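Could you have a look at this structure, given as structure tokens, before my questions?
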Amino acid sequence: MALNPFEHAGAASTISGPPSEGDYLGDRLFRAVARACAGLIIALLLFILWEIGGLALPAMAQHGLGFVSGSTWNPGTQEFGVLPEIWGTLYSSLLALLLGGVFGVTIAIFLSQDFIEARLAVVFRTIVELLAAIPSVVYGLWGIFVVIPLLRPVAGWLHAQLSFIPLFATDLSGPGMAPAALVLAIMILPTVAAITVDAFRRIPYKVKEAAYGMGTTRWEAILKVMLPTASSGILAALVLGFGRALGETMALAMLIGNSNQINLSLFAPANTLASLLASSFPEAGQIEVQALMYAAVVLLLITLLVNIAGLGIQQYTVRKFEGKV
Amino acid sequence: MSDIDLSTSAPVLPRLSLERRPFELRALTSGLLTGLTWVIAILGSIPLFSVIIMLVAEGGARLDFEALTALPPAGFEMGGGFANAIIGTLVMVAIATAISVPLGLLAAIYLAILDPYSRMAQTARFVAKTLTGFPSILAGVFTYGVLVISFGYSALAGGVALAVLMLPTVVLAAEESMKQVPQKMTDAAFGLGCTRSQVIWKVTLPTGLPGILTGIMLAVAGASGESAPLLFTALFNNYFMSELMEPTASLSILIYNFSAMPFDNQIQLAWAASLVLVLIVLVFNILARLIGQSKV
Amino acid sequence: MSATAATMAPVAAVFTPAGATVLDCQLQKVFYGDFLAVRDSNVPIEQGKITGFIGPSGCGKSTVLRSLNRMNDLIPSFHFEGHVKYHGQDVYGKKVDPVVVRRYIGMVFQQPNPFSMSIFDNVAFGLRLNRYKGDLEERVQKALERAAIWKEVKDKLNKSGLSLSGGQQQRLCIARAIATEPDVLLMDEPCSALDPIATRQVEQLMLELKERFTVALVTHNMQQATRVADTTAFFGVDISHGGRTGYLVEMGPTRQIFEDPQEELTKQYVSGEFS
């Protein structure tokens, strides 16, 4: 029991008393457990890094850095290289970022800069949130049966007319980079839009007032004041969207064609690290599984770097608006 | 300094007409950009409607009693369903919720209230944010290494992998809604002589509950649609589950498997399963919204 | 003008109340981090009386009040030199748990802050916290009656405390604070968020509560101090060392502070020359 120097001090009628022994024990126990759980989050990341690193260790020892620069994946000859996958991961994510970024930022402007009345804004916001809620496999299925058939005639025409441009150097035979990147763009659009809206909301209203007070039109206010002010937040949105695209698995495994080649053409099949993991793992033998774990490490490192960069920029933005930078 | 000639400074505003000039460059640019923005916003909504139309048309056509109650058909078989996959998905999401919610809530309490500015809290917060951006397939690879290598593919492993994905979402959402509890309320509780954990149990948690539940529902919705981690942990099973320690079917893996099959029956079932999966995800999303709106 | 007075770094003459002292407060220094918020303030709180704290904003009167039941301990950078003795026991003693202190010294806050639970549960909160074994309903009713709000809420005890008007909420919070019959009630500008009618009701209430509780009241409203306080402590701001440090300028019976202040600064303040 805690010291209660006031036991006889207060008026006789008081029913105040110190917390019971149980209250104190509960308090201490509860705080210790909560603290342990917070520690668990940190431990989890370390455990993940350690575990995946450990799984990949045999393959890392065997293949070394040649794994990253090699471009053959042949379990039969035990030759493993992921350069085409790294290329495909970065290429598909960049294409998705280009498209998803433009759409995401524009939609964020549309939603946050008084273009539509509040009720309609709720409708559009719900649409964007629902886009984020649709599972990856469903996008994959939709891509196979809607996007690819739609793209095929367009791709055929582009290839026929403009095949001298490397982007259109091949025809779309089915799965390939273009449908994969398109679906990926739709999948990262909500992330980009949400974080960008957030960045706009962080701008104090007085900034907008100041711009209008100087006699700007709405678009002059947006382009010359709001966008520059929100720029670091938008950058964070793009980087985090990029990070999300890098790790996206199922839709890509279903749409990109899983072909081990480096090709600039939008219509050629390709592969990404994540879809390599998803498509090869179920049938892989022990040696190939180890190589796949090495590929997982490469994916882990790339996404970790991009995410940390994105979060860093985001925190910088927050501090900037709090006047601490 | 008296020789400055004020009269030479040209006026900055050259004209003085306050009327609208709709055909001036400024106004035209504005109109054009506004139009473009509308086009992009509408274009951006098309995929959602397309997905919904396909789900209703293709999936709705095949969604019948048999689809909901029968087992998956083999290659050339007609009919069949995905009852075992619905059960598998729900069981694994339940396991993931049971693991991630208590742990996540406790961690969020530490981050939001007990010691928000400590080094540990700041690190944990950053790690949680990093983990939310983590490729979900890596949660599968991790659980594969920790559980599957020793105990084989199982619903439990699938649940653990999903829990790894849910945990950071739950932590961050719960922290956010606990921070929304006005300080004047916690001050009142402290003023009445509550210990820290009494303040949390009696005031912070009940007051922040709607927000916390919303966060949990969104995490559950996200986990229900996940597939990549299950590929490494639960695999698939053509039969009903009889225990937690055997390979287990899930809707998302069924869709993935069937989408690559050359049979119309399987493709139709994949659409029907997609419709069910999206409905499950939507139910949790709508619950999240309803709970969020019931805030005081 | 206050600056000239402050450069002399004056310390108020010690005031000794006529009756028994419940809280003997000697706040030598109160810091938030490196910031010296309050210095040299000796404010005895007399039993069964209302002691009012007045002074310009930033004079540290709320800081002083929140030091008395260790609410300031919730601010990590807070530290304190001096003592606060409650019936002779040091509230800041090494082994004393601030949680226990707050159970004996209740507090009513600037903003009405009912919990988002029913009116009944709000008032019963402290009773349950102290594991009160007797008749809960009787105690709740008594507290609500004392807080002069029983008639208004007796038919809707299950409604949320947040459904009440601002003035009702504040009286509910007072009921919550007095339900456990603490010895002392600290009130931190309890009327600042209320309209004139609600303010009048709460002031009336304070005068009634005086029969049973010792009250320390912070107010930014001088008229309020003259209406309800028996003793008044006037705090000033010392800006001589570059910071803004609050300190006690003068303390005495309310009549004396307002009609015959001993200090020039007090005279200027109560006559409205600065605020």
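Order as written gives the chain letters A, B and C; numbering starts at 1 within each chain.
The working rule: a residue touches a chain if its C-beta (ideal position, glycine included) is under 8 Å from a C-beta of that chain, and two chains touch if they have at least 3 such contacts.
What you see is a predicted model, and the numbers here were worked out from it, not measured in a lab.
Of all chains displayed, B has the C-alpha centre closest to the centre of the whole protein C-alpha set. Farthest chain from chain A (centres taken as the mean of C-alpha atoms): C. Judged by contacting C-beta pairs, the busier of the interfaces B-C and A-B is A-B.
Between the Cα centres of chain A and chain C there is a gap of 52 Å. In whole angstrom, the spacing between the mean C-alpha positions of chain B and chain C is 47. Centre-to-centre separation of chain A and chain B, using mean CA positions: 12 Å. Multi-chain contact residues, meaning those touching two or more other chains, occur in chain C at positions 99-101, 103-104, 126, 130, 180. Of all residues in chain B, those touching 2 or more other chains are 193, 195, 198, listed in ascending order. The set of chain A residues that touch two or more partner chains comprises 16, 19. Those residues of chain B that touch chain A in the complex are listed here as 26-27, 29-30, 33-34, 36-38, 40-41, 43-45, 47-48, 50-51, 54-55, 58, 103-104, 106-107, 109-111, 114-115, 120-121, 123-124, 126-131, 133-139, 141-142, 144-146, 164, 167-168, 171, 193, 195-198, 200, 221-222, 224-228, 231-232, 235, 252, 255-256, 259-260, 267, 270-271, 274, 277-278, 281-282, 285. Against chain A, the residues of chain C that register as touching in their complex are 86-90, 93, 95-97, 99-101, 103-104, 126-127, 130-132, 134, 139, 180-183. Every residue of chain C that touches chain B in the complex is listed here, in rising order: 69, 71, 74, 76, 99-104, 106-107, 109, 111, 113-117, 125-126, 129-130, 160, 162, 173, 176-177, 180. Of all residues in chain B, only 117, 182, 184-185, 187-195, 198, 202-203, 206-207, 296 touch chain C in the complex they form.
By the touch criterion given at the top, residues 16, 19, 23-24, 26-27, 30-31, 33-42, 44-45, 47-48, 51-52, 54-55, 102-103, 106-107, 109-110, 115, 124, 127-131, 133-142, 144-146, 186, 189, 217-220, 240, 243-244, 246-250, 253-254, 274, 277-278, 281-282, 293, 296, 299-300, 303-304, 307-308, 310-311 of chain A touch chain B in their complex.
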